[in-house]
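In order of appearance the chains are A, B, C, D and E, and numbering begins at 1 in each one.
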Amino acid sequence: MALLEVENLKVEFPTRKGVLTAVDNVSFNVEQGEILGVVGESGAGKSMTGAAVIGLLEPPGRIGGGQIRLDGKRIDNLSPDEMRKVRGRHIGAIFQDPLTSLNPLFTVGEQLVETIRTHLPMSAAEARKRAIGWLAEVGIPAPDRRFDQYPHQFSGGMRQRVVIALALCAEPRLIIADEPTTALDVSVQAQIIALLKRVCRERNAAAILVTHDMGVIAETADRVAVMYAGRLAEIGPVAHVLQKPSHPYTAGLMGSIPRVGPRPERLIQIEGSMPRLTDIPTGCAFNPRCPKVFAECHRVRPELRPVADGAAACLLYEGVTP
Amino acid sequence: MNAAPIAGTGQPLLQVKGLKKHFAMAKPFLNRLLEGGEQQTVKAVDGLDLEIPRGQTLSLVGESGCGKSTVARLIMGLSNPSGGSILFDGADISRAPAGQPADIRRRMQMIFQDPYASLNPRWRVADIIAEPLRTYGMCASRQDERREVDRLLEFVGLNARDGDKFPHEFSGGQRQRISIARAISTKPEFLVCDEPTSALDVSVQAQILNLMREMQRELGLTYLFISHDLAVVNFMSDWIGVMYLGRLVEVSPAAELFANPQHPYTRLLLDTIPDLGMSKRDRQPAAGEVPNPINPPPGCHFHPRCALANERCRSEAPVLRMYDGGVRASCHAVEEGRAIEPIVAQASAVHPLRAAV
Amino acid sequence: AELRYAAAGDIYGLDPHSMTDSFSINFLQHVYEPLVRYNKELKIEPALALSWEVIKPDVIRYKLRQGVKFQDGADFGADDVVVSLMRATAEKSPIKGNLPALKSVEKIDDYTVDLHLSGPTPLLNNYLTNIAIFDAGWLEKNNAVAPVDAQLGEEGYTTTHANGTGPFKVESRRPDAQTVLVVNEGWWDKPEHNLTKITFTPITSDATRVAALLSGEVDIITPSPLQDAKRIASNPGTKVLESPGLRSIMMNFNMRDKLVDGNVEGNPFKDARVRKAVYQAINMDLVRDKIMRGKSRNAGMQIAPEVPGFDAKLNERFPYDTAASKALLAEAGYPDGFQFNMNCPNDAYVNDEEVCQAMTAMLAQVGLKAKLVTEARTLHFKKAQEGQTDMFMIGWATLPMLDGFSVLSAMLHSPEEKLGTWNPGGYKNAKVDELVKKIDVELDETKRRAMMVEAFGITEQEVAWLPLHQQPLSWAVRDNVEVVQTADDLLRLWYAKVK
Amino acid sequence: MSDTSFTGRLRSFADSDLFYSFRRSKTTVIAAMALALLFFGAIFAPVIAPYDPFDIAHLNLLDSELPPAWMEGANPAYWLGTDTQARDVLSSILYGLRISLFVGFASVILAAVLGVFLGLVGGFVGGIVDAVIMRVADVLLSFPAILVALLINGVMRGILPANQHESAAILVLVLAIGLTNWVQYARTVRGSTLVERQREYVQAARTIGVGRLRIMLTHILPNVLGPVLVIATINLGMAVLTEATLSFLGVGMPATQPSLGTLIRVGNEYLFSGIWWVVIFPSATLAVLVLAVNLIGDWLRDALNPKLR
Amino acid sequence: MFVFLVRRLLQAVMVMLAVAFIAFLMFRFLGDPVNNIVSQDATQVEREEVRQRLRLDDPLVIQYGRFVANAASGDFGISYRNSRPVSALLAERFPATAELVLVAAILSLALGIPLGIYTALKPRGVLSQGLQILSLIGISLPTFVTGILLILVFSVWLGWLPSFGRGDVVDVGWWSTGFLTASGLKALILPSFMLCLFQLTLIMRLVRAEMLEVLRADYIKFAKARGLKNRAIHFRHALKNTLIPVVTIFGLQLGGLIAFAIITETVFQWPGMGALFIQAVNFTDVPVMAAYLVMVSLIFVIINTSVDLLYNVIDPRLRTDPTRATGKGA
């Protein structure tokens, strides 16, 4: 049984112009110790998926359907208090901006100890030792001195390390990392990704890594899910999706990425942009931009179908022919 | 690529010599009085030499805070240089404020990073695009102006009817097209592009980059292109300059830079490009972070992070030296031949890719 | 028993020689006493003096009471009178105007003094009711023999300390908060009161003061707002004390060459017909019934019936008659009226502001446009005296003189040295001036009164001033309090009883 | 959306988020209606007021202190009764409202114009100009508005010749309240200006060579007006209250030109005497006015706050 | 920190000098002091004499210097109305106002903060909606109306509480306190309630707005993601961050309390500095007005400076990095 099973997840926002579906019928699994990358354009619903899993959708957002199971137990319908016990203890989270993720008025140590003692039965002294251990683990030099410092005394990269320590210190088995490196410098990004990978591997923790950055996915993830307009366009092993994408959108996406090396005259480009959630076309959401569009695409909404090692949601794989 | 030597044919369109910008970190007078210490400065740009041949693109890359945007602002006259000179088509404009003298400034325009912030939210698109036309008095009549605006809108791939809308009715990519339309409305020869696509999704980024290349071909534009993304820079540039803490550490023809990076920092940057082929590889990138620009390390700014650093690097600041193939680098190790072979494998084998989706 | 008393304002200090404010001076008479005093019937009776005789028209001899002790234990005697009277009339004394005729005081023996005057002074005793007697030794000891002039930045011991012969002594004082008097066991007079302590609190706001009475926090308030009389009377446990008062309210006319704020050349008020037109445009019955709730007494004279010089015939008002008023205006050449300004205090008299507002409304009906300005009394009287108004309101109770001469000398005599001090409008009638000077020195009471009536008659015909009414006295007390209400509106708590 | 005609704009306004959130908030709609009613009453007071309380020639003391129309002994011609001067309470309130609102608006406009100007200049020009403006603002801000207003009022009265006080009272009030309140605008506008100035659209305008003043007025100003509108609304309530308080303390509008505050001060004296209508109605009007303004201000603040969307 | 202190002190001195200048100007604008001294009919010669005696013919700057020097030594001259040294008058009144303001401040904090937190945490509850409306009414009702209504209800109708004054006071040294007697405490209730009402609603609204803002912050979201208990999130993380701006505003509000005490003291006949001041305004008693102004500014300056210092103590970002000590925010 997979560690996390997400089935037909729907995230909705009631607005004055009707209900927006930000995440639409998304299903995927995450296995023990696996890193699942989630990519997609801005607004595709990556963060909402993550937030739904950890139960932190901000109102008025709500789960509009589907199930989320952790170790086979449903967690999408837990009471707030039960869900709180799952957060941190079973599922950890890291957000984009390390600068604002830490409370500026508490020392790094206080925040660590607090988290540890909330979830693990431990004395203050033990928790302190454990916390210093975590700081060392995420590569912060002189952790016992740093323990008593405030977040603003750390640099961006260090803060993100602290955030990682905080997310991991109650030893959850699943981490949701929502663009953990976008706010960091290029050279620090790699350090953080490497760190994340290492701790996940050592602790046998699984991760959902939400990112913009195809390169990060390529190096880090085992499998990758591609989202488009709130829907899953394609999911499969990294090598497969990046090198031999099945969905026309994934293909276009890969083509439009500039590469180092001999430069082409033109980049492959997908015309237009992702539709707003308010006017997603019927049928396949990608149909206005799709180079392989055919009549059916405007009417039938494709389901996720197994293709090669993964799965794609495209009528081309549903046996429908142009 | 044709790695034309810098001192190539004709006069470069833009020439920057010893450009400096120092920001006074104004510690209040009283603090200085009571605590002692000198007036501190951030050397955002510290002696920069550049030349951009007509019709070509020079890109600046470097980490956040290394001074890329400051260079752009200095060239556009948005701030005054603390030293050095800027020659545009032979005329020194380093002390001229933005917009002046009109006949020169009209020929250079800028495209900004943030497509959301670069358009005044309260203006209609047509007014935004027409503003430069009005300021330089380039259209005889309103109809004239409107016709020109419509033409520009269509040129950048928008609909002429879009002129009546407000910016918030457009997506990021479309807004960047509007910015571009505004920038080319005065028929400039030179465009400064400060990370024009870093806020955009990859699929849209491709559209904009393609559009810019087309424009260059069609209108014979010269670009100063700024980005932190080496892959994008590779797609756009003839020349690439790598900046570190306000200084250029290496300037080379694009292909040369990737094939044969000289400066250790350039190598570090290239090494940070994650690559598709070596999936799940554990890289151990150089430790450390960009030092504080208020108090940069002496000698070569990069020496604390550099594996090759020696005593000389710690005390003596290197200068840009010319090497084979139009490459210029400022590094004692390179100069002394201490540099080891390039670390990054080359084009042939795998396609390293660095991308932002 | 303790009596808790609230008034609209605080006293200015503890030195009765340092201020002219009659409320303060009266309040301090609970502590300091004069040589002679008014009794319940407002008749003069001996206080620290036992008797007096006229030795010469300008020398009066006073026999002093023996066995009187100051509150600090010192004996009272002639030295104290000499020092006190000289202090009150010293060149720098703020109240030297209260005893203008005194030249010097001579000690004859320990209990006899002679007062040397500048001339015959029929009203000397009336003046003396207002002059407090200090202990000479105490003044000397505390370096306070010279009068205190606060304006020059001086602060006297006497401003904050008191030592009189009166029925009460000052126990504590917090300006604007509370002044506590306790009974003086060693008082020479036989007390009619049964008080042990008086707690005096100033409460400026009418509503709060009434609330304090209604809620039982104070036993007596002065004044009690007229409009609240019904409420207080209907409240179990409180009642209103009302009676006609001495204070006559009147309006002065600007008779100088120009109006302060007019829209016509020259000054129409110089014309007696215009003044009379103003007079007849005002319906005082309506003012009495509506604004004064029927409690005031309309007046044709500038003095109340209780005051010597009063004449019932003269007190008849010219009738309220707008037609006549308009006719007069037309006759004087102002058929469409004119504009002028009118100044009124808003905290000095009963419903002063309201009366003025009502008058402007009435004047408007005959075409006269009065631009009304209402202000606090200090500002108002400053402006009035500096002649910055065309018409202003003032109330005059003739105290402490309690004599028509007070009005004649201060308000009707043309301005000249010490005379006409409250005649900023500049009314002048040679005959009146002459009469005033005669009255001043006339010792024969009947002649004096006749002359006063004659003078009042002239000024009334000329409408020198515009008399309005005597304002009612309105106090309110708890039912268990018995006080004597005299027409001079001054509270004499040595007659008070608390059951 | 891009229709430029008037009806088009109206339609696009009716369709806008702002109007939607307005319609959805019942309290705001009620407040707006109440406010509209009060404005209407104030603006058209000379037309709709049954009597002119300033036309003293037509006052008749005989009609004084009549109770409101529904009570015994009332004259139905005076809906809300009359005061001690026989003035119609309803008419007095309408005229008083006029004065209160005039003082409120005028002082808010004065404060806003001054504050926006100083804030723009300080934020855009920076340097010593900015430092001076902000220090003055700091000092003013650390003094409570009511005290500053009292002082300015006192000084103005001192400067003006004595016989001008009455006629100048309204201007003195406007000045006192206006000069007290500009700080908030200046700080807000300066803050937004500092942000807007760095915005790329301003840089874009500069690269084109648009002049400073032009940039300030055509680019920055329109973009910093949102918060100004919110502050102005909330300040309107405060200004009306400050005026009333000053009048209550006796240093505001004179009794001959009563504002709501003056009406309350005068009526206050009659609270125990059973003539409650002369104080209760003006108090209620004042409270409703300020409450309505505050409700709308609150709503506006939330509606214009992008973080709350 | 030291530098910060020095800078604040310098600033405070500048402010005080400016205020003293205004106070000084008041003497000049509100009438020639000579006119206040000599009698109506004094001749020009007499006036000149007084002028010289009071050294009013010196240059303005010197007079200003003298005024400042006198003021610094607590000498503001003699009140025109009360014939007593202004400094003594103010010293007498100070305890009354201080106690009133203190109680009102404590009340407004003790009620305002919990109510603000409550309405922020339960934004949609019936009770907090009600409180919201009440708080709006609270800032919409003119305080003088509230005061009068309080008297009407609690003194006149119910007869529970005194309608005016301080009740009995006890002298502790030069300080007269109403805290030590039953009647003194009773007398405090209505005025302090009236005074705090406005600030109370203000603080409640401020805490609520600030708390809602903080609750939206990333670090709160992250704290939730760490599975912290709601109590810890709300009362440890959110509250501490909320209170920092509240401290600043409260410093300013304390000044507001002192100013609004003018109205309270007028309504309740409270023998404090505010009542003294408003009487002085009505009587144009310039020395008292000037002294009040200087004294109150001194209090404001002291409060503001201490708030800034406090701010530096509670906010670690400022504590460890004094160059960021910019004082209060917007």
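FYI, a contact is a pair of C-beta atoms (placed from the backbone, for glycine too) under 8 Å apart; a residue touches a chain by one contact, two chains touch by 3 or more.
Small disclaimer: the values here were computed from a predicted structure and weren't measured.
Undergrad: If each step moves to a chain the current one touches, what is the fewest number of steps from chain B to chain C?
TA: Each step joins two touching chains, and the minimum needed here is 2.
Undergrad: Could you compare the number of C-beta pairs in contact for C-E with that for B-D and name the larger?
TA: Spelling it out, more C-beta pairs touch across C-E than across the other pair.
Undergrad: Where the CA atoms of chain D average out and where those of chain E average out, how many Å apart are those spots?
TA: So the centre of chain D lies 24 Å away from the centre of chain E.
Undergrad: Averaged over CA atoms, how far is the centre of chain A from the centre of chain E? Could you give it in whole Å?
TA: 53
Undergrad: At what distance in angstrom does the C-alpha mean of chain D lie from that of chain C?
TA: The computed centroid separation for chain C versus chain D comes out at 45 Å.
Undergrad: Measuring centre to centre with CA averages, how many angstrom lie between chain B and chain E?
TA: Whole-Å distance between the two chain centres: 55.
Undergrad: Could you say which residues in chain D touch two or more other chains, in rising order?
TA: 250, 268, 271-272
Undergrad: Return the residues of chain E touching two or more other chains; collapse runs of consecutive numbers into ranges.
TA: 148, 152, 156, 266, 282
Undergrad: Residues of chain C that touch two or more other chains: which are they?
TA: 205, 207, 211, 214, 376
Undergrad: Help me check something: in the complex, which residues belonging to chain A touch chain E?
TA: Those in contact with chain E are residues 54, 56, 58, 84-89, 92-93, 95, 97, 100-107, 114-115, 118-119, 150, 152-153, 163, 166-167, 170.
Undergrad: Which stretch or stretches of chain B touch chain A in the complex?
TA: 1, 63-64, 171-174, 201-207, 209-210, 213, 228-232, 234-235, 254-255, 258, 268-270, 272-276, 278-287, 289-290, 347, 351-357
Undergrad: Could you list, by residue number, the parts of chain A that touch chain B in their complex?
TA: These residues of chain A touch chain B: 39-42, 155-157, 185-191, 193-194, 197-198, 211-216, 218-220, 222, 238-239, 242-243, 252-253, 255-271, 273-274.
Undergrad: What residues on chain D touch chain E, complex-wise?
TA: By the definition above, chain D touches chain E via 27, 135, 139, 141-147, 150-151, 154-155, 158-159, 187-188, 191, 237, 241, 244-245, 248-251, 261, 264, 268, 271-272, 283, 286-287, 290-291, 294-295, 298, 307.
Undergrad: Report the residues of chain D in contact with chain B in the complex, numbered from low to high.
TA: Touching chain B: residues 1-2, 4, 199-201, 203-210, 219, 222-223 of chain D.
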